[in-house]
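Down below are the structures I want you to see.
Below, chain A partners chain B and then partners chain C, in two separate complexes.
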Partner chain A sequence: MNSAQTRQFLQLYAGSIHAHAQQLTDLDAAIGDADHGSNMERGMTAVLAALPERGTPAELLKSAAMTLISKVGGASGPLYGTAFLRAATSAAGKEDLTPQDVAQALQAGYQGLIERGRAQPGDKTMLDAWEPALHALPQGVAAAAQAARTGAEATRTMLARKGRASYLGERSIGHLDPGSVSSALLFEALAQALEHNT
Partner chain B sequence: MKKIMNAAADIVRESCEGFAVAHADLVKLNHDPLFLYRADLATQGERPKVALISGGGSGHEPLHAGYIGRGMLSAACPGEVFTSPVPEQMLGAIKATAGQGGALLVVKNYTGDVMNFELAAELAAAEGLEVQSVVIGDDVAVQDSTWTAGRRGVGGTVLLEKIAGAAAEQGASLAEVKQVAEGVMAGVRSMGLALSGATVPAAGKPNFTLTENEIELGVGIHGEPGRERAQMRVADQLIDALLGPIVADLALKRGEEVIALTNGMGGTPLLELYVAHRHLCRQLEGQGVRVARHLVGNYVTSLDMQGMSVTLLRASSEQLRLWDAPVVTPALRWGL
Partner chain C sequence: MSVSLLIVSHSAKLAEGVAELVAQMHGGQQDGATFKLLPVGGMDDGGLGTSPTRIHAGLTEALQGGGEALILMDLGSAYLSSTLALEFLSEDERLRVALAEAPLVEGAFLAAFEAASGADLQRVQTAAQEGRDLKKIT
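Up next, the complex of A and B:
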């Protein structure tokens, strides 16, 4: 994964967030506070605007992280920001990331999510898309994206234990977790960026 | 949706600008990062030893910016509607107002707020600033357990900011102000109900809908669901439904004193809030609990939601003394 692919991944993700903003907000309205789509759209628009002209994959990811932390607010800003920042730290100094480097960067991002959110897989959060995606990653990014989507779908039957949805208790069952859906979009954008240019 | 706004994306900034113009004697606005702070701090020469700083999603006005001023908050950081502010806002506010004794951050217990304030405190500490935080969760509608995000910060936040702000104004140290804040948290409980949902400007439709005969009992200030969707009933019975869980949770006893806040959610007239407060006081006095101080009005709102909440603080004589101390803010003003 080189700089061009990293840039393309961020552009594809921003485009996908834009296309799905209403869907994410509607999902959030059902079990949260109806702002996930608009927050992520504002954040990713700012990420593209602030992205440096040149830079290694790590530098681009770090720029995205700092923008997300400083622009998004809510829980999604610190969470995605922390994930991108940890991924950037893991990938630092490399011009072209091997599949192993990408896997390590994603793993580092996943650890960041666990620490910042104090959540575990099964709590009906982003982790429920990330965990199966990382598990499937050895079969390729396309498989990871598919696993992330399946993982997001599986949050429908889960009981929320973190975030605003947890206030619903049993009533959170039957709804998708919005963060897991935006995470599935992230892995899909990543797969598309990597398939396109390899 | 009909709202008095231009573009949804500009509503917070434009409202802050109007607020700063209206209250130019009390507050100043910093645009980027967005925060409001006490106008007298720059000219005062000497700031209070400890700055009291809060913030949170917009849509709860007058919380928090309405409580900036002498005897209460040093600064407030407004986020987007129902969205936590971001760390650079809190960092800017800390730098603009922190005294020799540092700053205490008042954080309402929501996942996003806690994460963003936590990041801000880490950044401030990295710059050598002394910052402590308190996280308030006073909503008895939420089961407090390690398996949920915990109790939400609601109406009790106003009482905490007033009482801790008085301590800070009187020159207390950071540890002392924090202790006062924790004392309030230990004795304050709230519960709310909704007659309607609230409409977030960017979403364009109510965050939930209730039929003509339904109420959401135990609702949060972002329209989070509460204990149950229940049948509508007359005012006195609505108050009983809110008061019962609060009194039980506080284990209030005969002879104790409370500060009582009957709070509107934004779309409920004062006419109705006083009907509610009447019964609240009668019930408490009937249980031998003296309502030592009263506050009735829209203090922690949820946009245009119709509904109300009740907050009780079991008050010590020291807390009553700090409550009575002078306060000069856009939304609370007494003891001049």
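Up next, the complex of A and C:
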């Protein structure tokens, strides 16, 4: 994954968030505070606006992280910001990331999410898309994206144990977790950006 | 060594209001020589939310000249944003910051008493956490 593909990934993700903003907000209205779509859309629009003209994949990811951290209110800013920041640290100094480098960067991002959110897979969070995606990653990014989507769908039957949705208790069952859905979109954007070269 | 209190809220008005209330209860000394009450509320664009970059700026102010800081938080992602802000500090600075597992108003109120008396960070944190047991009706 080179700089151009990293940029394309961020552009594709921003476009996908824009296209799904209403859906994400509607999902969040059911069990959260109805701002996930608008928050992520504002954040990713700002990410593209602030992206430097040049830079290594790590520099682009770090720029995206800092923009999300400073622009997105609510939990998704610090969470996605942490994931991008840890991925950037993992990928630092490399012009072109091998599939192993990408896997390590994603793994670092996932660890960051666990630390920041103090959640575990099964808690009905972003992790429920990330964990199966990383598990499937050895089969390729397309397989990872598919696993992320399946993982997000599986949050429907889960009881929320983290975030505002956890206050709903049993009433959180029957709805998709918005963060897991935006995470599935992230892996789909990544797969799309990389599909011609892996 | 003074311990400043960071009042972290999703709402700028709430953070400022808590700081105003606590300062009033300590004789209107909001920015005194001994400790600072630093409201950190809302996002740069004026919207609701907790901003790690704003919390980091507040911490930097509190830690100037070897000071310490206790972070008091309102709800939910205030904690996520605060722990992320800690990552932007140096190792030495991080050791001079603590987070209070405490209700915002009661915690800030009790912590300010200790901070004003020149107590160290651990005592100020303990005082804030006693806010969990502060009764209104008994």
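Just so it is clear, the second predicted complex is superposed on the first by the 195 of 198 C-alpha atoms of A that agree within 3 Å, B and C clash if a C-alpha of one lies under 4 Å from a C-alpha of the other, contacts with A are read in each partner's own complex, and residues count from 1 in each chain.
Heads up, the rule we're going with is that a contact is a pair of C-beta atoms (placed from the backbone, for glycine too) under 8 Å apart; a residue touches a chain by one contact, two chains touch by 3 or more.
In this text the structure is predicted, and so the values were computed from the model without any measurement.
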For this session: Would you mind checking whether chain B and chain C clash or fit side by side on chain A after the superposition?
Result: clash
For this session: Once the structures are superposed on A, label A:Arg171 by its partner contacts, choosing first (chain B), second (chain C), both or neither.
Result: first
For this session: Scan A:Ile69 for contacts with chain B and chain C and give back first, second, both or neither.
Result: both
For this session: In the overlay, answer first, second, both or neither for which of chain B and chain C A:Gly163 touches.
Result: both
Exercise. Which of the two, chain B or chain C, is in touch with more residues of chain A?
Worked result: B
Exercise. Which of the two partners, first being chain B and second being chain C, lies in contact with A:Ala29: first, second, both, or neither?
Worked result: first
For this session: Could you list which residues of chain A make contact with chain B in one structure and with chain C in the other?
Result: 69-75, 77-79, 116-117, 163-164
Problem set entry | Residue ranges of chain A in contact with chain C within the complex | 69-75, 77-79, 81-82, 116-117, 163-164
For this session: Flag every residue of chain B that touches chain A in the complex, lowest number first.
Result: 9, 33, 57, 79-88, 110-112, 115-116, 118-119, 142-143, 147-149, 152, 200, 202-203, 205, 207, 220, 222-226
Exercise. Along chain C, where are the residues that touch chain A in the complex?
Worked result: 10, 42-45, 47-53, 76-77, 80-81, 83-84
Exercise. Which residues, counting only chain A, touch chain B once they are in their complex?
Worked result: 25, 29, 33-35, 38-39, 42, 69-79, 116-117, 161-164, 166-169, 171
